[in-house]
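The letters A, B, C, D, E and F name the chains in turn, as written, and every chain counts its residues from 1.
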């Protein structure tokens, strides 16, 4: 697997491993939170704009709509599977299991971006509508998780004091990544290739370099998350963080096969399904299911699944996409 | 008005509207303060350098000196007009009115930068000395405001404890935007086109992209400023935030006509006069007129006048500059 | 000395002087800490990558290994000289003298980067292994300083409560600059010119522009350090900050002559030896020699030696390198 | 100069829930509060630190409010409800202020 | 281990005025103070939050100073003057310290 | 609503040494602590400010821990050792909490 190796040896992944290694060796270095949060806004603007410009070039085909719909359905469904597996294999209580399941239905934008680069490196094209799909897949999983957590329970014992109507909705529908992704996508669509020409040096030229810096920080975060959360993990929980993305990937590969998606788009959809959220969903869970323990779901999604996906997972998902395409093509 | 529409649909303005919309919908997203403050230093370095390099190309003509002088005089005079109008139409007390007036005599660098882009898009050239004019216009308004606030009052009841001689002067003459603008201008002038060639990719190539990111944040700020300050506003105060820039613009257009300025330069000088400060002047007012209520002047300059100028105002000012030039040309 | 003047008038140095001037005039402006710390990580990644890519082009020659070894030896030795001079000429106690000496044995990465630009401007080539040398020279000086501080003292009176085994080692060997420099160097080496092509626009194209912004901040820091630490200085201590780099430079120039290094490499090695640390070593000293007064060593290295090196020192070191090369060439 | 007895509430609470606590304080009728960021902490068996915590999910903030005894008691009761499900610690102490009518 | 009674001044004041307050403390002769940033707050009818506040004009900071009773009283008097025109809140409380000669 | 007497330790210490202090607190057995950043300060004759201080070597942080009397005393003793060589100031005060079993 030549592609896999060249993905692993690309500077982006090497910087990720550098950060992860430094964190595991207990280096005190860190990228200031304000700086890396700023970079993450840049990255989301860049992929939003790129997706929008690409979508503006082509009319909205049925395939595009099917991909968007498939993304939403997967985000709704995957948490149920994750929840069942967690109930079956781990000792997590109902709330913890539901909260964790939400993370796996939702997505990780950084994993998506890393996959985009890997797919491009592997020589495949990707459609701009996958960015829209990513944005759409962020939230449905949260709804499923809330249903799972409350099902079978008597009516909840009242709201937490100080809760406000709509605060969860705002958090979930208007969080930074949804606003910036969808906004930049729309702006790219409206302004088109010509309108965005003057901002290309910033958003396209620098993209991969910024990604290196950002993944260095993500490596530090993932490594520290793993080191700090380690004690709360047991083998079945840890294993879940490794096999769950593969299960989601297989299901999604099948869907891609049925839809007859081209390899690039399929690889990205599979990656989205296999990726787990570690920013938007944890925040939503603290509001909606505060009883669930953040140390469990954060360690899993950030400390286990994210590094797995970025290093080993993505090459596998590209291969799966190739198989799915060849079976149906 | 084709220019107006293309200005409104440029990514820079679209990102501003995205931010403003998100804030008005009460999204919790934010650009970290440290990051956007860093970007603002970048933007001021970039326009300072550009202005300096351009000024180095041409000798200091009388026109240049007249523009600089006009800027200073306008910054001194506009607060008197603003103050009179506020006294006439609103119930603000003397101090609040004077403090607010200072904001309208001073300038907004971001509005200036947005206008520079719009003028360029509209096909006009602009001179580097307008950047110097911008720097010069920051502070005279503050002096006028202090005179207005204290006129007719008996001697002040003594200084606030802990005040230090020179602290206001330092704040006003050595604040970040004056230091960076004037400093970068001088550096651009000294180093010239050749000397700054190696830093052009950073300061020129990225400029518009960074501006998008920065205006997203400005939109968030303006939207939140408007939403939070809304209750302290009444109609006359609110209206002032809309008509005052137009009054300054008309006066300045007349001045530009008399001076016979080219359209590009005139558009920028009009924009400077019409813009209102929301960083340097508020800070100075907290030191010099602490009794004035920040909620009034901040909501007006940041929440009302800034969005008005960036979206609707600039195209109007370019049109005014065109008229002024055609009447006198 | 035409080179010296063109170095002094390069935008990078002019921005440094702007910052230093603003700080000395007591301007309140500042670059947010999170932003400039982010930029410093960028700068270290950039020079690490550049060094690694260059090293990948050539095999590891004896000369390379000799330069690395010379750097390490110099870092070990210079503190002894510095310590002896401080004991002789100043009234600093043993601990303060040892802590200060450590700073002069270690290096300043920003000085190194400024020198790289100056050397390039002066028309000389530099080898990638100098970056590795810089990384290697960071820490040996700390060991020497600890030996100097404790020599002749009875066994230390026990550890500070809460100390942890290995905390100093981690701080010293895994601090941000070592991790990022060595990591990026390795990544540049592994990925090579081709593998890093897509990240070049970010890391090479922007480098000098970012450096301007960063040196503006360094100027502010140095100026404030000097202004605040001024009162703790006396003439002999102050003078040390000026002559010590020259002594290190002369010794290193002799070494370069003996090794027969090309001018560019020699200039950088001399600069490294002459530069003094103001980030890594102060942090290590707070852990290892907490009794030493930070105000002394910080004012010297950041407020005196750093500005001296960046403005006057580097041209001198380039000249020295030229002489050393011509004597032995 | 006369000093007047008031109460100082100090609430250390997870960042995601801090607006809930603020609303409670406002409903109770305190005249003001101030929220401070924190950068690291330890509780139970877990350490956290801000530069580590990409999701802000374990970030804590500190809310300080100076108020009178009565409102402090009422606020505590409501905050106890929040702390039933959210992570946090609350304490109150005596302080003296200059102008009692402000609190 | 003997503990000694001191006073803790806590001054919440707008950022733009904090250096004035610091100068007052220094003039009064306190041996030290520490300034903490804040990120949000509420007072009267207004909420503010740092990420919202581009001008820093409504930003507050918290100044803490441990000092003896006498200097605390003197500092309070001067601070009352500042708080006549600047936005802020001051309170004092009792604390115990280890080495009284330091304050 | 019953309140219970506890102690609040407030340790202002240089950033480079704060982990040492945290370890001491953990060893003593406090159930938790929170660390706040600071942005400026004054002590002796020196002022410092964070945006000035590139090396973080004079940066201070504030550690707050609510704990019981006994552990507070033990912690103070250990902290006194740290403050023998590191820069910092410690104070303790009385606070009341809702659920005493947590501290």
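Some observations on this one:
Heads up, the rule we're going with is that contacts are C-beta pairs under 8 Å (C-beta built on N, C-alpha and C of every residue); 3 or more make two chains touch, one makes a residue touch a chain.
Remember, it's a predicted structure, so these values are computed and weren't measured experimentally.
Among the remaining chains, those touching subunit A and also subunit E are B, D. Taking the definition of touch as given, a chain qualifies here only if it contacts subunit B and subunit D alike; those chains are A, E. At the far end from subunit A, in terms of centres built from Cα atoms, lies E.
The pairing of subunit E with subunit F is characterised as different-residue: of all residue numbers used at this interface, under half are used by both copies. The chain with its CA mean position farthest from that of subunit C is D. Centroid to centroid, with C-alpha atoms defining each point, subunit C and subunit F lie 34 Å apart.
Note: centroid distance subunit D to subunit E, computed from Cα atoms, is 18 Å. Among all residues of subunit D, those that touch two or more other chains are 22, 36-37, 47, 93-94. Residue positions of subunit C touching 2 or more other chains, listed in rising order: 30-36, 38, 201, 205-206. Two chains count as a pair here when they touch; such pairs are A-B, A-C, A-D, B-C, B-E, C-F, D-E, D-F, E-F.
For subunit C in complex with subunit A, the touching residues are 32-35, 37-38, 41-42, 45, 49, 170-171, 174-176, 179-180, 183-184, 186-187, 190-191, 195-196, 198-203, 205-206. Partner subunit F is touched in their complex by these residues of subunit E: 1, 3, 6, 8, 18, 22, 25-26, 31-37, 61, 64, 66, 93-98, 102. Those residues of subunit F that touch subunit C in the shared complex are 14, 16-17, 19-24, 27, 45-48, 50-58, 78-79, 81-82, 84-86. Those residues of subunit B that touch subunit E in the complex are listed here as 30-33, 36, 160-164, 167, 218, 220-221, 224-225, 228, 231, 278-279, 282-283, 285-287, 290-291, 294-295, 298, 302.
On the subunit B side of its complex with subunit A, the touching residues are 9-11, 14-15, 18, 22, 25-36, 38-39, 201, 205-206, 208-210, 212-213, 216.
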